[in-house]
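There are two complexes below, and they share subunit A, which is joined by subunit B in the first and by subunit C in the second.
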Partner chain A sequence: MNPAPPAHAHAPSLKTPLTTAQQQQQLAAGRNVSPSPGLRYPSNKKTIYDRNLSRSKNAELSRAAFGYLFVEMIGYAQRRVRGVADLEKRLNAQGYPLGLKLLDLLLTRSPLPSTSPSLRPTRILPLLQFITTTLWKHLFGRPADALERSAANADEYMISDNEPLVNTYISVPREMSQLNCAAYVAGVIEGVCDGAGFATRGVSAHWVGEGGGEGGKGMWPGKTVFLIRFADEVLEREEILGKNG
Partner chain B sequence: MAIIKDRLVVFALLVINKAGGLIYNREFHSGLNKMSSNDYLILAGTFHGVHAITKSLSPLPRTQSANGTSASAPSPFVNRPTGLEVLESAHFRLQCFQTVTGTKFLLFTEPQQPNVDNVMKRIYELYSDYVMKNPFYTVEMPIRCEKFDRSLDAFVKVKS
Partner chain C sequence: MSYYFVIIGTKDNPLFEHEFGTYRQGGDGISRFREDTRHMNQFVAHASLDILEEVQWAGGQMYLKTIDRYPPTGSTISAFITAANAKFLLLHQPNNISTTSNPSSLTANRNAPTSTTPAATDEAIKNFFNDVYDSWVKTIMNPFWRVDTPVRSPVFRSRVAASAKKYL
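After this line comes the complex of A and B, so read on.
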């Protein structure tokens, strides 16, 4: 074709007399560019640890990306699982570590006492308010819709969400109608409570579709209530604190 | 979506999977003749075949030298052959939209229906939200998603 290819053909032969030392240098250089497997660095060399902890600007994520990720999380939890209760337990366990970490992060970011990070809540009500406002706003961009104390049991509190963000795209099949994927959020709540030193006997998510199933569809067909059951010692402590304060 | 006029009559929506099987079938307005579910399955399979044939009927893509005047960068998608897109009769119009992955949406509307493309686009959006992001949906299988049904109703019936 062109006269060029023969010229190029000589090029490799020129490179061959490279000394082994040079080759080793090249290899070493290559190793520096891609460090050992394990912690991977993004191209701009900024890992999540280099970021300012209290910067929350531009922290919004794509809802579709979350949607697909959540699909995979549920698919993962659904493997080797027996029954709806088991699946909810697994989702709960996936959310738990997130709650533990978010408690610390949100308290650090809390702007109220400008000098030091604010103290963690030590009473039940401030803790629940922290969950329904600070935590909810951080995760879902809006506060929870209601916070109630159970009339029947003193140790039970209920947080309601008219339309949980995690359930936005999810239609539960009829044979699993009891399943509520917001069990993941229940796990987050449990993590926050546990991290703050409020042991629970479990947090669970329940459907409370308004307007009844047969009649006209309620305004919020996906309304979910998170039932928090605190452990006995927490209530005992609350009582003592109440007497002192 | 303000462009969509209020006189919107969408009769039915069919979704056909890659293999030509009917995976979704919903009527919005009674106006079409009633067909048995078996007939719908046959319709889906037949349409799938006709679509494949019309796709191979498509003329050979024009080469760059043939329209040498074009200055824009060649897109690999422009010359991709498309199959049957619209089928019209005196009383209804069938619009077909095929996704990149081969799923087909068939929309039965009135012949004078404006903005079918927009309706189709919105339906595709609803499909990708409430069907593809549903963890309990298996790809290529019949669609049974309550929220998809509800959002379709809200979109098609309210606008009409």
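After this line comes the complex of A and C, so read on.
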């Protein structure tokens, strides 16, 4: 830069300040905005990595906002579907990634912030208890109402919820009476099971309105059961672990 | 010490790789794997996955400690498994060659027995894994992240490098 030929003394003196200013600009841009082209930072310069994982205060969402969003999600899933089963499958697929994420997040938020993350569930029962208590409390503010094992099939477990929050503001039309929009929650459950290494043959939501019929006079007309069917290899492993432990 | 860190997805596919050296005992954070065996690192790390899959069901701990060794290069592999079955593997290899050629090795060696006891190393690796796990959970919280896709975020890489500098 410095050893500029004296004959052209004017040209470099005009040029250099411009280039250094440009360089400074580029440097500043590189430092503050993006270390690599294409990466954009939010306006407050905070990335997802600067947020605290354990901050759960004021993290509750209003029911109105949830209701609105959920209706839009159902509307989106309803486009170009052929039937109720197809629609439930789509709702299930929407919930699945949420389950994968919540599994890691909720285990990281162990009761004591200083301790290392909690234990991974390695057996079926701790996994289901994690779902009915930790997960349910996180999503709906209360634990699930019951957890049962099917008497007929050893691989089937049932979680029941007397009044699913997701169905609170939904009235199902008569011609689609089979539809249960809690299929979304079933998807979340499937995500948790699958993520933890417990493959399922599907998780589904079913109506079991107590004392149903036309009047619907039962105590919990909206009672829903989530049926979890674990894959054969999961039960096989459970048996082996049971023998060793 | 030289380190090779890799995150492996549920389909045994690598999602993130990072190679670095120690910052302890005057280290500069640059890995010094022997050139003739360096290409083996990925293979050696992936070879430990079978052992990991057996160990993971023995208990609910995420940090599985040292699970495998590869004597020809003196490498050791420590593992960590997340709740959603992503695996963190850390291959560590002591580099004898560089410490003997290092002029400050005399002082470093004197300190070595106290600062690198197995228990202390174990604790450091555990802290490193926990720190990376924190960043990892933040990564997967991204609504656009899909399971088993590679992580390309430069911010995540710098976070891992910072954890490495802090603990290893």
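The rule is simple: the second predicted complex is superposed on the first by the 190 of 245 C-alpha atoms of A that agree within 3 Å, B and C clash if a C-alpha of one lies under 4 Å from a C-alpha of the other, contacts with A are read in each partner's own complex, and residues count from 1 in each chain.
Convention: contacts are C-beta pairs under 8 Å (C-beta built on N, C-alpha and C of every residue); 3 or more make two chains touch, one makes a residue touch a chain.
Note that the structure is predicted; figures quoted are calculated from it, not measured.
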Original post:
Touching A:C181, do we find subunit B (first), subunit C (second), both, or neither?
Top reply: first
Original post:
After lining up the shared chain so the two structures overlap, which partner does A:G209 touch, if you call subunit B first and subunit C second: first, second, both or neither?
Top reply: neither
Original post:
On subunit A, which partner touches more residues: subunit B or subunit C?
Top reply: C
**OP:** State whether A:G83 touches subunit B only (first), subunit C only (second), both chains, or neither.
**Re:** neither
Original post:
Regarding the shared-chain residue A:G242, is it in contact with subunit B (first), subunit C (second), both, or neither?
Top reply: neither
**OP:** State whether A:A196 touches subunit B only (first), subunit C only (second), both chains, or neither.
**Re:** second
**OP:** Once the structures are superposed on A, label A:V172 by its partner contacts, choosing first (subunit B), second (subunit C), both or neither.
**Re:** first
Original post:
If you stack the two complexes on chain A, which partner ends up touching A:V71: first (subunit B), second (subunit C), both, or neither?
Top reply: first
**OP:** Find the residues of subunit A that appear in the contact set with subunit B and again in the contact set with subunit C.
**Re:** none
**OP:** Would you mind writing out the residues of subunit B in touch with subunit A in their complex?
**Re:** 129-130, 133-137, 144-148
Original post:
Quick one: in the complex, what on subunit C touches subunit A?
Top reply: 56-57, 59-63, 81-85, 126, 130, 133-142, 146-147, 153-156, 159
**OP:** Note which residues of subunit A are touching subunit B in the complex, please.
**Re:** 64, 67-68, 70-71, 74-75, 78, 169-173, 176, 181
Original post:
In the complex formed with subunit C, which residues of subunit A make contact?
Top reply: 35-36, 39, 47-49, 51, 53, 97, 100-101, 103-105, 107-108, 116-122, 126, 195-197, 237, 241
